[in-house]
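For reference, the structure I am asking about is given below.
Chains: A, B, C and D, in written order; residue numbering restarts at 1 for each.
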Amino acid sequence: MTDQLSTAAPAPVLEARGVGKTFTGVAALQGVDFTLRAGESLALMGENGAGKSTLIKVLTGVYQPDEGQIFLHGEPASFAKPVDAQHAGISTIYQEVNLVPLMTVAQNIFLGREPRNRFGLIDFRKMQEDARALLATYDIHVDVRRPLRSLALGMQQMVALARAVSIDARVVIMDEPTSSLEAREVETLFRVIGMLRSQGIAIVYVSHRMDEIFAICETVTVLRDGKVVHNGRLTDLSRVELVALMLGRSVEKVKRGGVTAFGEVKEGEGEPVLTARDLSRKHQISGIGLDIRPGEVVGLGGLLGSGRSETLKAMAGVMQLDEGSLTVDGKRVRSGSVAAAIKAGVVMLPEDRKAEGIVPNLSIRDNIVLAALPRLSRAGFTSRAKQDAIVDVFMKRLRIKAASPNQVVSELSGGNQQKVMIARWLAMNPKVLLLDEPTRGIDVGAKAEVQALINELADEGLAIVLVSSELEEVVEGSARVVVLRDGSVERELRGSEVTEQHLMAALVGENHAPADESPAEIKERL
Amino acid sequence: MSAVTSAVRLPQKGAALVFLQRYGVYLAIALLLLFNLFFTPNFMTIDNFRVQFIQVVPVLIVALGMALVIGTEGIDLSVGAVMALSAAVIPLYIGYGPLPAAILAVLAGCLIGLANGTMIALIGVQPIVATLSLMVAGRGIALLVADEQLKSVIDPGFLALGRGTIAGVPYSVLLALVLVGLVAVLVNRTTFGKQLVSIGGSRRAAELAGLPVKRVLITIYILTAALASIAGIIQTARLSASVPSTVGNLIELSAITAVVIGGTPLSGGQVKVLGTVAGALLLQLIAASLIKHNVPDAYSQITQAVIILLAVYLQRGKAVLK
Amino acid sequence: MSLALEPSVGPATTKQVTRERIAGNVQRYGAAIVLGLLLVVGSFAFPTFPTVSNFTNIATQSSFLLIVAVGMTFVILTGGIDLSVGSVYALGGILAAYGSTWGIAGAVLLPLLVCGTVGILQGLLIAYGGMAPFIVTLAGLLGIRGLVFALTNEGANTPLIKDASVTALGQGGLLGLRWPVVIAVVVVVIGSVLLARGRGSQTVLAVGGSESAAVLMGLPVARVKFSVYVVSGLCAGLAGALNAAYSSSGVPTVGVGLELSAIAAVVIGGTLLTGGRGNLIGTTAGVLLLTVIQNLINQVGSLTSSVQAVVSGIFLAVVVIIQTVLSRTQRL
Amino acid sequence: TNTGTTTGGSGGGSETPEGTQQSVASSEGPTCSIEDYGAEKIDLKDAVVGFSQSEKEDNPFRIAETQSIKDEAEKLGVKKLITTNAQSTLSKQISDIQDMISQGAQALIVAPLNSDGLEPALQAARDKNIPVITIDRKVNATPCEDYVTFLGSNFVEQGKRAADQLIEGTGGEAKVAILLGSSGNAVTTDRTKGFKDQVAAEAPGIEIVAEQTGDFARDEGQSVTEQLLQANPDITAIYAENDEMGLGAQAAIVAAGKTPGEDIQIYSIDGTRNAVEQITAGSYNGVIESNPRFGPLAFQTLVDFMDGKPVGQDIIIADSEYDPSNAAERVSSAY
């Protein structure tokens, strides 16, 4: 396959030959050959922990390869630091948003290349104007003087993207750029990628979302367990074949799974286990009411910044409410106390795994049992046996890929970290599970497992609230969808209304979706 | 900010370097012992080691508490003042017997810990300034409690804490060993210990996981103060006098140094109890070697600085990036 | 229709932004606000407090610490710390005295050269050697003080400054302000401009805000970390030299505990100890606060040293509590 | 006692036992009068007097010194006495003095922290022609110009006398360890110099085997002595530059299983009650006094000065000494 390509293909811009990288005990990359040609858009695929991020970090000077060589325009190159790669025209959006939360949006975009006036001093006015203008080209309208951390995660990711592509680059590498974007932002992103490609800029794109891969990439490199298992044109592969390659299973086996792994969903019956009334907090959400019954999955729909995360945080006690009440099984839960919420059986998987989820220096085991620890201890003394029992179950059930439960969680791949987070909350045996982007950054295999798990948990009687920026996931996974807009409930979709058309129409504030319009058409309009 | 450690790592090192990183302190101790074996008369004697162990006890006990605080990404500058306060309280109540006096001394110290903890956990003051204010005020309070006087303590039961031995091992050393054991268990085997390092690792994540962050923080500052009070009591017994003006002066720096040399990063999220013990011992050995060779103060300070740098340089890479 | 396509920015965004901005300013100038309150209260309580001569004293007394604190602000903004400033301050003083035999140039350049070198060494170990700032500068605190004693025969010799032009640098002045005050103001102004709009200023903030992000963004992290320790060394040396000129002698024991005062001033001034946010106006207010607290204690005039310690400790606590509460409004 | 504690020192309380008053040992040399200095004549009764203490009042010497100044000011009916404490920080002492001047102090008594570096403070006083009397530590400046006069002990002499005591007590044959005061402190330098010079001159049989700083603190003195005794088991005498370190050394000697006062002799300087009591108990060998009660003499000098009488520029007080022959009878005059 590779031969066919090379005959007519333009010269390679960035190459890796025989690259190997071993972390203490884990061989993250072994003899990886990788080629990126000018103007090419290449999908880098693989399961969680396959080595995608590691390869990117080796290519961009964050890590030094243990063996092998990097070539830039055919010349051997070695990047001691990320800045060297940047100077060589390689711009990267790393998997975790890597910006400075305390600094403003404008500062973040122009860090390291601030516009100056004639005295050599930074010209903030110009910087803000430029930032505003730059973001506007991507349809982002935020106050660029605000600190980055005040933006929702998806918006932060858009800022990171704007920064990366505004640097004059020959190669743009994106490690899961869409993981916290929803449809509209993804559209914007695609537009940007189209622009880049038309300028002959080569793109490396990592994502676990198949649609996206097939929509924008020409070629694909598949990694499995640190080795390259496939290299070629994407058009030569079907989805199923690609998944099979990634997972290392036969096509037949993979075929049995559907688009999403959700089974039949049904509305819950009986008394609501959780009742939220008039949840309000100044400037964030107002008057939100929800009833969640045991055994049902309720989706929360909304655009970026519509207040989905805030609603979950309000119910999980993370956020102090100005008004409103929350009752679980008829008992009032004190607002603003996570402990009280957990005690009542309401737990939340936070959206920002890096800042709010993992405790980076602790082991997988400790991270999983973190919340459940008091239950697994006697008189304050921890019991290793009890912990191991639980950790074992979840590591197997969620297929967490790690050297051992003792491995430090920050060493795991992004997807596996997410699974650890899910395990933490499942270990609590909650009554109500609030999931903010549960499949963010999770590979197809694991995603299916998580989706199946959500199904299964609902069947077992758990009440679940699901926030996802993938419409497909919300629609297929939920029995009904509550749509938020500007911090309050816009609409509720039930039964047959739970379709992508209706949801999308509701998102933009149209009460009745024309039934004859297809999702694609609506996407088009957006 | 501590959550980002993973993103940037120093390049991997060879096995020898990994060994040095992990065992840097112990190696430094061994080298120093070796040096003394050859160049210091009367060093390798039981009596000498007893002296070293007795002298290291206060710093060690304070460093244990400091390690806990540092594990939560905090710091406690007030430990010296707490020692002074507990020393000041002893003579007031020694008439009721050594034990009640000691208990009251620890309680008094804990009040400072409570003040620290409240300011830090509930109000959100940065630990270094919160404890700095109590470092200044605490010693003043201690002196006022003591009526600005130095008092001899002659209760034989109390003095035994400073002088008595079991099978040649001084009580104070035994007490320190017990405390090391307790802290090690606390850190490694209890819910509290795990919560402590989680807070240091990522306070936000700990909060979202429903941990009682504020309670744990307050408790830790109180514990640290309690340990410092015990150090103050031991020091008082050893001196057979309550000297609130000088006891524990600058001990916060020694304690922090011991903790850091022992491999606990100042960025929190880890507590190395054994390393802390080794760190304290290393400092003690450095001081002893310099005094025994009658090195003038100026050069002794320079030498200490160089040795500390070397010991930490050996194990750098572990705690570098915040 | 196009309206519906505007991104959903949540209700009352502009109001929120205004609120954030006000809260930001309260935090930025929290120390200055507390300082203002203290000045008013002090003026009512003690008639001898609001006098020109007293304020001149306060200014002079603050100037040395302020110069040190400016350097410390840069260090703390990167998330580091410099414990060596007290010893470097003493070294600067000694060297100024030795250097004064070559006149004013020697008295200023010699300390700057050597203290800058101390900063360079510490900066190298921290930025390129990957060592923790706390430990490196703690060793600096010990080692440099040792060096000071070694240079002065265990502190027995105090080199004196005889050159009139050098003593004039400490004692003379401009418009009723002593040179150290004038120089401190200049240092603050230059520092503020650099920090707000200078090359590398954004990297300083970024390193403190998130070092790994700064590395991944390709910022010159090591260079900036290195530079701030050099700046701090230079500032401490300059302050020490000015202080020596002011007191016509290089006293080996000055500056003990100065690092804590400087750190306290910086933190009270609203700079986050973890780095990433802060400004020199705050630091200036922090330094003045510490001096004014001492001044007010002296105004009472009959407190014993123990009571003074208690009062100033509690004062400090109250000030940081107020400052923290003021700035908390901005937390998200 | 049954309380298990003893209290050291009276804190220089109001009862001043007979014989504790400072007396002038020498006041020869040039004098200074109010005309010479150029100050304005004031009546202390309606004057504001400032006292700048150098170190914290947390040790007997400083407590007694401050108390004695306060007591005497009260006795004389001084209108207002402002006291400040530099807490061992030179810059604070400068500020303290400046602050007192701007508060309207008309006369100053200063216990300098350091011999050098007070220039700006003295200058500020000079600018307003405020008379400054320095006590206990001498500043390197011109008397009757930068300040009026110095009252205090001769620290070199104290070291010399301690050497004399030690030479006599040991018969001129000893291995001595010196516990130095804080580095960079003029008192340390002088007491070391006086001692070493005298030993070199008078007692070739005395060997100084170690000199290490104990920072004038009891616990440091104890730790250092413990180390030294281990390394040099043949030490027979200790010279501590203040009583606190001497008492620490005593505890270390006991811990090492030796008898203080006999196996190892201890000499120190200060004259605190704790140390003198140890002499009476036989486990301490000699103490050279450094009398802190400057109040009466300082104010007397000030009064004389204001009355237009010439006062000595360099008034050295007579320090007594304690040894086994007189300790019991004179312990009451210790502070």
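The working rule: contacts are C-beta pairs under 8 Å (C-beta built on N, C-alpha and C of every residue); 3 or more make two chains touch, one makes a residue touch a chain.
Keep in mind that what you see is a predicted model, and the values were worked out from it rather than measured.
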| item | value |
| --- | --- |
| Chain pair with the greatest number of C-beta contact pairs | B-C |
| Chain centre separation in whole Å, for subunit D relative to subunit C (CA means) | 36 |
| Subunit A-subunit B separation of Cα centroids, rounded to whole Å | 43 |
| Inter-centroid spacing, subunit C versus subunit B (mean Cα positions, whole Å) | 28 |
| Shared interface positions of subunit C, touching two or more other chains | 148-149, 154-155, 209-210, 212-213, 215-216, 272, 276, 304-306, 308-309 |
| Residues of subunit B whose C-beta touches two or more other chains | 4-5, 7-8, 143, 148, 296-298 |
| Junction residues of subunit D - those touching two or more other chains | 56-58, 183 |
| Every chain pair in contact, whichever chains are involved | A-B, A-C, B-C, B-D, C-D |
| Subunit B contact footprint on subunit A (complex, rising order) | 22-24, 62-64, 66, 94, 96, 98, 316-318, 338-339, 341-342, 347-348, 350, 354-362, 366, 370-371, 373-374, 377, 380-382, 410-411, 424 |
| Interfacial residue positions of subunit C with respect to subunit B in the complex | 79, 125, 129-132, 134-136, 138-143, 145-150, 154-155, 209-213, 215-216, 260, 263-264, 267-268, 272-276, 304-314, 316-317, 320-321, 324-325, 328 |
| Parts of subunit B lying in touch with subunit D, wherever the complex brings them together | 40-43, 45, 47-48, 51, 54-55, 91, 94-95, 143, 147-155, 158, 163, 235, 238-247, 249, 287-288, 291-292, 294, 296-298 |
| In the complex, subunit D residues that touch subunit C | 53, 56-58, 66, 80-85, 87-92, 94-96, 98-104, 114-120, 123, 140, 182-186, 188-189 |
| Partner subunit B, residues of subunit D touching it in the complex | 1-9, 11, 56-60, 63, 180, 183, 209-213, 215, 217-220, 222-224, 226-228, 230-231, 233, 244, 247-248, 251, 255-256, 274 |
